[in-house]
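Input: one structure, supplied below.
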Amino acid sequence: MIDFFLGHYGYWFAILLMCLGLYGAIMKKNLIKKLIGIAIFQTSIIIFFVASSSKWGATVPIFDEKIGVANTAKYINPLPHTLMLTAIVVGVATMGVAFALVISIFQKYKTLDESVLLKRMKKDNDI
Amino acid sequence: MNIQSFYTSFVPLYAVLVSLIAAPLIILSSKKRNLREFWTIAASLIKFGLVVSLVPNALLNKIAELSIVEISPGIELALKADPFGVFFALVASGLWIFTSFYSIGYVRGLKDHKQTRYFFYFAICLSSTIGVAFAANLLTFVVFYEILTIATYPLVIHKEDEKSIKAGRKYLAYTLTAGSLLIAATAVTYQITNNLDFKAGGIFENIVLSPNMAWILFLLFLGGVGVKASIMPLHSWLPTAMAAPTPVSALLHAVAVVKSGVFGVVRVVCFVFGPKLMYELGLNNILIVFAGFTIIVASLMALKQDNLKRRLAYSTISHLSYIVLGAGLLSSAAILGAIMHIAFHAVMKITLFFCAGAIYVNLHKENISELNGVGKVMPWTMGAFAVGSIGLTGIPPVNGFVSKWYIGLGALQANNLIALIILIISGLLNAAYFFPIVHRAFFRTGEGLEGKKEASPFVVVPLVITAILAVLLGICPDFLFDFYHLALRVVTNVFGGISL
Amino acid sequence: MKVVNYLIMIVFCALMIYASLGLPSRGDAYADLNKEKSLSQTPNAASYYIHNAKKDAETENMVTVILADYRGYDTLGEETVIFTAGLVCFLLLRKEKKKNGKKKR
Amino acid sequence: MERKKDNPIVSLVSRTVSPFIMLFALYVIFHGHYSPGGGFQGGTMLAAAFILIRLSLGMEISQLQFKSSWATPLGSAGVLIYFGTGLIALLFGGNFLDYGFIPFSKAVAENRSIGILCIEIGVAIAVMAIMVSIYDDLLEGSSDD
Amino acid sequence: MISSNSAALTPLILLFMAVSIPIVALKKKQIAFFMVMIATSISVIISFYNIFRVLKVGTIHYHFGGWIPPIGIEYVLDPLSSFMCLVINVIALLVLIHSKKIVEMESKIKSVPYYALVLLMLCGFNGIILAGDLFNLYVFLEICSLSMYGLISVGEKQAPVAAFRYLIIGAVGSSFYLLGVGFLYITTGSLNMVDVRSIIPHLYNEPTIIVAISLMVIGFGIKMAVFPFHGWLPDAYTYAPTTSSALIAPTGTKIGAYAMLRILFFVFGVNYVSKTLHITDILAWLSAIGIIYGSIMAISQKEMKRMLAYSSVSQIGYIGLGIGLCNPMGLIGAVLHVMNHAIMKACLFLVAGNYRVKLGHSNIFKLSDNIRKKKPWTTAAFTVGALSMVGIPPTVGFFSKWYLVLGTIKNSSWVFLAVLLISSLLNAIYFFRVLEKVYLKPIRSTNLEELNMPENNKKDEVSSSALIPVLILAIALIVLGLLNTIIVKGIIEKMIPAGM
């Protein structure tokens, strides 16, 4: 039981973060807060992946003469790290686009509150 | 089965294509009226010629078949000139000639708008009707059936006033629903039989079908073809569609749309389910019930209509159900009568509609109560009208008698006295709603008819010819086009032999 | 609407916890993803990388080798992603320059 | 909006630090083979160095260092370096991105090493340029005029 | 060299051109358009080449960097992916030809980054379609999503808000997918689709697999706008500039559908998703709800683009239903409908764009029949597209519906059958509403004289670069309808995954 807990609590923290992020993304009315939610969500996925790659007693995946490469248990799994490098960049790019959109929304509507925005959009529609 | 020799022939395809090719030509020559109408006439004549050329072979049961393109794995867009198809095509294309001439007189007389559109869709309509007639399998049938639906829509709304647009919407709602049901029915059939080719005696002939399934399927089919055949309670689009110009009504109610509906009913009864299966499962009873109901009720409703075209429409509804009744009786004579009624009713009804149109063009009168003394002004027109009325009532020597006789014979064959009684009552009702019109026209004096003359020959000549045709066909049903023998051939194919 | 959103959150959370119960323990060097062969006896990519990265590309950092070589196409895609983001910002926000100001900015 | 007067400490410190950040960024890029690092990390650091100057000294002066209109083409160039490396491999008969076919040296493994370096440089340039360009665009969009 | 690398060439060429545009078009902006033309034409040619090659030699695997999967990344060119590639690229080419004048006419779009983003989006589409690696799919999904946000956001005033809302939900969706990939990777230790497919049968009872599949389905459900996740779509399509909406509407959601299909059937296995987890059933039900919901919402819209957007929701339902039926006919219907819907939505959105450019609006209630007089060809194309949407033969819309109907009957799922049939009627309602406006005289118009003035009815067709693609698409709808068996038999039947 304890072993199970110790083996899984890392995932659970990531999951908690995910829920937090999702909460922010879908419940908050402010666009920036939504973005923060998305950022948390994406980051927690990264944490989740990286957590999965760990091995007790292993070292970073950089070749070491002293260890050799015969035993894979000596290096932590490099693949999730690589994937997450990509995911980080994707996250950054998403944020960049999102902020560009936010700025252009603010230029046009002078507000970042979603409910106000929706009302003004409706008004624009009727014209 | 009989000895059926198949041979490939492009004639059915040409018959479909003629008016389809004429359609763009009509559009291209929209500025030159005479050329445009020349295309219409030329196409109708060529089409009729092509169909007539198929008659001898159809009589010999040499069925011209042609598959054009595979439209679904295992199912082809195929045309087949079997006797029944030739029969219907003959009716449709023959009457198209009259309708074209008549339309020209009509639209010119009224100086109508968008005449090009009118002739364009007319041509497409006829193409798809011929396609329906020659369809070799259910899917092809559905394809042309749907095209017919869409092509008729612009004709229904031709006047573009509020009434006709509403009528168009109603028409579309009914017919598209029917089309959907037909697609579903076709798909179910395909799933069960893996074959959609029409076959005399039925696709389901050798297939075990659970009664429940058969009922559902039959109701789907009935919903699909019943709307166009305007079986009550699916009829109500038809009187509203009267908003269309008269030639269109003539086409809708005498030839193309409703007749393809009843054509579909007979196809379904004889060529999809087959009389045997129908009889075993008692599916025909539903047809008889609905048809009998429709005949009586529609006649009664016709009685109280004052608008001439509406009265004609209700009369159409009742007469279409004659055909459905004939199909439902499932006896050879009844089906023979039903098939012949397709042609004969078309001839008579188109005469009546032409008359109504002629009166409208000439005198701008639509209501029966205004028709006092019209017969004196327009003797030819009203004479033709009288002939048509007599025919529809079922009095010899006009052709309506012949088909009615066979249906009655079939009712006796099937031991169905109720059907016979219905036929007799309906004959009386027919007399009740047609003869007063004739009486008014000839024996009462009207007002405001001074100086009026017969309508233009473009209008009058077609209707007189159709009236004469009605009489000739009554005297000799095989006159010119072998309607009787074609129908007999169909019945022989379906039943394998015939006993009248 | 709010209730639905809360419901989504709870369902999501429950789903994730449920899934995490089936995950191998964190740090287990002998979990499926770290084995030499997968369950269907195909080679496991991660182990192959650890064994061969140095040999294949003369590079110590395995992550770099995977990033740039074994899964180089992903990295090209990722670079494209950030390039896309740059273009979106360009498209949305950059103002059209006046003709005489072209040199100055 | 009135611009506040430049704070000399800020400008001095940032101007001093910026080259060192760049140097370290270069180290990260080129040492990616041996230690954690590589194009992305180095590229962002480079971008950080440029953005630091932009933050502290303002748009006009920083244009002298790195013109914003160059950013997008430079980003394109970065991606093209990457793409070109793959394309060379393709042209020399391998699959796309198969660095073993790039004729830098005889040994396949060494070719791969060099290929990796090439694309790291490409990545670094692209990331740096795009980061700066995103920053510039966001700034341009949020300034009212 | 080209033949050995052709599998990977479409995304690479698009990517190369997209990346070079900012450099090459630095001085001369007009070059951007020509580069787009070159890139899309080449990719169309290569797609054709690929499809023939696949049909000849079977599935082609392309290994990036020469690493054999699961070590490296591979592209899989099988009938499904090659077909999708072709559809997407051809549609894109046609829409982009249309964009020549429109992009600069409409608002003030900077053509250089705009066209670069268009190419990047197409590159993303092609990458997703060809990807044989789960994570690679994610990367390309992000490329196309990000460029889609950008392309949408430069439209009207509301467009950035629509794009932002799409971004939020899209980011959640792709994160869900990434999380799913994470679970899948942790459990199986592989990212290659073929490899995962071989490992997964050992792990069917693991909770992680179940959660992974649901996360992925939700993720792609968001991307393909299946019913409860469709919220982003109407706004995004309505406010986007013409070219963007005409590009994204036909292709964007299809990519989600494709990825869904690929993941469900080719990664997890047909029997597992349908028999064990019943995920396909859920998908089918959601799609069915979406079909009805989308149609009803479309009826209540007054803006043409918004109406088309809601109709997209409903049409996506068709595709989802076809996938969810999980039988060969359903799959054929779904894939055929992907093509069909892509063509007709491109056609309709382009027409809406043409109207918008010429009239300044595309409000249905402000349309009148002088638009038909001014732009007869555009309107004719719209009509064909609308008829295909309703499912009138011989357009391809009828046949995709036919296969779907066959699929529902195969599964004996009568509810879905009813949904399909009802929805085509609902489609008819909202399209005939537009057609009535466009073709008929306004019934109650205060300024009838103004409308009938000759200068108002003069032919004023859009430029040929905007007209030709529309016409090609319209003609393609009919031609492909008649020739659908060639496609179905030649390609689509080869896509049916094992175990279906």
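All chains are identified by letter, namely A, B, C, D and E, in their written order; residue positions are counted from 1 within each chain.
The rule is short, and it goes like this: contacts are C-beta pairs under 8 Å (C-beta built on N, C-alpha and C of every residue); 3 or more make two chains touch, one makes a residue touch a chain.
Bear in mind the structure is a predicted one, so any value in this text is a computation, not a measurement.
Colleague: Using the contact definition stated above, find the chains touching both chain D and chain E.
Modeller: Where chain D and chain E share a partner, that partner set is A, C.
Colleague: Which chain pair is joined by more contacting C-beta pairs, A-E or A-D?
Modeller: Result of the comparison of A-D and A-E: A-E.
Colleague: When you average C-alpha coordinates per chain, which one falls nearest the overall C-alpha average? Tell me, please.
Modeller: Centroid comparison flags E as closest.
Colleague: If you average the CA atoms of chain A and of chain C, how far apart do the two points sit, in angstrom?
Modeller: Each chain reduced to its C-alpha mean, chain A and chain C end up 11 Å apart.
Colleague: If you average the CA atoms of chain C and of chain E, how far apart do the two points sit, in angstrom?
Modeller: 26
Colleague: Roughly how far is chain A from chain B, going centre to centre by Cα mean, in whole Å?
Modeller: 69
Colleague: Between chain B and chain E, what is the separation of their C-alpha centroids in Å?
Modeller: Centres of chain B and chain E (C-alpha means) sit 43 Å apart.
Colleague: Any chance you could list the residues of chain B touching two or more other chains?
Modeller: Correct list: empty.
Colleague: Touching at least two other chains at once: which residues of chain D meet that condition?
Modeller: 34-36, 38, 72, 75-76, 79, 83, 96-97, 99, 127, 134, 137-138, 141
Colleague: What positions in chain A touch 2 or more of the other chains?
Modeller: 18, 22, 26, 52, 62, 79, 83, 85-86, 89-90, 93-94, 96-97, 100-101, 103-104
Colleague: Touching pairs of chains, which are they?
Modeller: Every touching chain pair, ordered by label, is A-C, A-D, A-E, B-E, C-D, C-E, D-E.
Colleague: For a test of understanding, state which residues of chain C touch chain E in their complex under the given definition.
Modeller: Result: residues 15-16, 18-19, 21-24, 31-35, 38-40, 42-46, 48-49, 69-74, 76-78, 80-81, 83-85, 87-88, 90-92, 94, 96 of chain C touch chain E.
Colleague: List the residues on chain B that touch chain E in their complex, please.
Modeller: Result: residues 69-73, 77, 139, 142-144, 146-147, 149-150, 154, 157, 160-162, 165, 168-169, 172-173, 176-177, 180-181, 183-184, 187-188, 190-191 of chain B touch chain E.
Colleague: How about chain A: which of its residues touch chain D in the complex?
Modeller: 60, 62, 85, 88-89, 96, 99-100, 103-104, 106-107
Colleague: Could you pull out which chain C residues touch chain A in their complex?
Modeller: The contact residues of chain C facing chain A are 2, 5, 8-9, 12-13, 16-17, 20-21, 23-30, 33-34, 36, 45-47, 49-54, 59-63, 66-67, 71, 74-75, 77-79, 81-82, 84-86, 88-89, 92-93.
Colleague: Within the complex, which stretch of chain D touches chain C?
Modeller: Touch residues, chain D against chain C: 32-39, 63, 67-69, 71-72, 75-76, 78-79, 82-83, 86, 96-97, 99, 107, 109-110, 112-113, 115-116, 119-120, 122-123, 126-127, 129-131, 133-134, 136-138, 140-141.
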